Amino acid sequence: MDDLRGRLRVGVIGGSRPDPAELAAAREVGRLIAGRGGILVCGGLGGVMEAASRGTREANGLAVGILPGTDPAGANNFVDLPIATGLGTTRNSLVALNADVLIAIDGEYGTLSEIAFGLIYGKKVIGLGTWDIKGVVPARTPEEAVELAFRR
Amino acid sequence: MDDLRGRLRVGVIGGSRPDPAELAAAREVGRLIAGRGGILVCGGLGGVMEAASRGTREANGLAVGILPGTDPAGANNFVDLPIATGLGTTRNSLVALNADVLIAIDGEYGTLSEIAFGLIYGKKVIGLGTWDIKGVVPARTPEEAVELAFRR
Amino acid sequence: MDDLRGRLRVGVIGGSRPDPAELAAAREVGRLIAGRGGILVCGGLGGVMEAASRGTREANGLAVGILPGTDPAGANNFVDLPIATGLGTTRNSLVALNADVLIAIDGEYGTLSEIAFGLIYGKKVIGLGTWDIKGVVPARTPEEAVELAFRR
Amino acid sequence: MDDLRGRLRVGVIGGSRPDPAELAAAREVGRLIAGRGGILVCGGLGGVMEAASRGTREANGLAVGILPGTDPAGANNFVDLPIATGLGTTRNSLVALNADVLIAIDGEYGTLSEIAFGLIYGKKVIGLGTWDIKGVVPARTPEEAVELAFRR
């Protein structure tokens, strides 16, 4: 296994029922993260999480899914390493803890909670068509979002 | 012990460094909740949490504090029943779970996460000078906030 | 509300399918805890938890139930103050955190995990017909168990 | 990334202050798990956890560390993928959730709690010089322990 500890971990958070444009953006974000050698961290389920994982898989990256349930097998098919928490929605905090930087795409209240935790934990949070919260850095495209994520 | 199970549980969430007007509002909210027979649920620490607990104590109510730490003794002095979680900030979700309705006063990102969890869990969230999030019902005074909380 | 902070909090842990003698012991333990001014802390569900809560109710005490689920209404009818955690079985740790001292009655692996957490957290753990683990103080009767719990 | 989802995940649990023989056993267990294509899951800290991670690293395997703290960097140097939980000792439950099978080596009360969670979750738990708990399958050597872990 190559050096996973040295790679940037990028959290991608977003809704479970995005529209096609948002899904495409999430998939592209996943691809770009992997292309730059980052690790994708997400909630492991459907919608934006699945699209980002799919993009990461397509670019031969590593996707970690931090799940609400107790069974690692509950992750979407593109997650390489599912982590079961059994914490339900409370696991949103753990998604933020395990990302060096977060990209929020679309999203409902669950995403809002993850944005909040990201900011609580002092992580950079980049927004792509998501909640307008002070402290979130806006991006207009997947490319810009990932560029901002890797800029330290 | 009289019938605690039948009482409305009102969560009061807010910042740990509020200004004097916000502190006064939180204390009045705590008083009014207790005066109407409600139970106060809060995060158990300082600022808005302590002021609301103090108001509840003054009106002979019951204040429950759901703490981030592992020691129940870490609660502010006005909490009657401290619950230690050891979950750190992740406990914000549990504050929302244990309230029938939430009143947010002022607040930073921690409060934002609690608002988000309240809305995720389908609870009514009332805002008093706090984050402007769709779904939060605005109130102008402590009286109005508590009136809205008890209106089912 | 009288001074709840000054009262000893006694955790009662045990199986959800005890036999009649164990149920009777749990109920008596709950009664004796309340009779001595203690607060009962338990997991809030059936079996030993419900019997202990019932005993506490009969002696006009206060029973706190720390639940695995997300709905406080999921507690047994004798719990005065249900705390929903949404953590599933992982909440066993929180039962131990919130007790000054623990009494284990009967019990399966769930009880074993609570005994372990009690000992990890440095709490006195008293056993009444439960797992034989080094560090657990054995008692032969409910009276002896509660006597040991209140002896500091 | 090759197919991580198809690999057996073996949890190795044990004390943070083992003696040299136990450390050697943990390291050998880690090596053997990786040698057979398994993924090591552990608590990510020192003692048995570090020795098993070191063995896994030596055999070019993948070591996942599920940490009590909020910072992934808190893992020992041989963990490839640290997962921060911020749950403190309560995270012991998550170690058990994320293993298909567990091997317990030596250990104090923390290990006991992990054995209990493993058995609660219906996982096979193999013991190598650890707590004598009904349901734990005893092994005499690292080889036997890993052989039992991979035997389905």
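Every chain is named by a letter (A, B, C and D) in the order it is written, and numbering of its residues begins at 1.
Everything below uses one rule, namely that a contact is a pair of C-beta atoms (placed from the backbone, for glycine too) under 8 Å apart; a residue touches a chain by one contact, two chains touch by 3 or more.
Since the model is a prediction, treat every value here as computed from it, not as a measurement.
Colleague: If you tally contacting C-beta pairs, which comes out ahead, A-C or B-C? Let me know.
Modeller: Ranking B-C and A-C by C-beta contacts puts B-C first.
Colleague: For chain C and chain D, let me know how many angstrom lie between their CA-based centres, rounded off.
Modeller: The computed centroid separation for chain C versus chain D comes out at 31 Å.
Colleague: Any idea how many Å lie between the Cα centroids of chain B and chain C?
Modeller: Whole-Å distance between the two chain centres: 27.
Colleague: Could you state the distance in Å from the CA-based centre of chain A to that of chain C?
Modeller: It comes to 40 Å between the two C-alpha centres.
Colleague: What are the residues of chain A that contact at least two other chains?
Modeller: Touching at least two other chains: 70, 86-87, 89-90, 93-94, 121.
Colleague: Touch graph of the chains shown: is it line, ring, star, complete or other?
Modeller: Here the contact pattern is complete, since every chain touches every other one.
Colleague: Quick one: which bits of chain A touch chain B in the complex? Just the residue numbers, please.
Modeller: Spelled out, the residues of chain A in touch with chain B are 87, 89-90, 92-94, 109-110, 112-113, 115-117, 119-121, 133, 135.
Colleague: Which residues of chain B touch chain C once you look at their complex with the stated criterion?
Modeller: Against chain C, chain B makes touches at 1, 4-5, 9, 60-62, 64, 66, 70, 72, 79-86, 93-94, 97-98, 121.
Colleague: Using the touch definition up top, name the residues of chain C that touch chain A in the complex.
Modeller: For chain C paired with chain A, touching residues are 70, 86-90.
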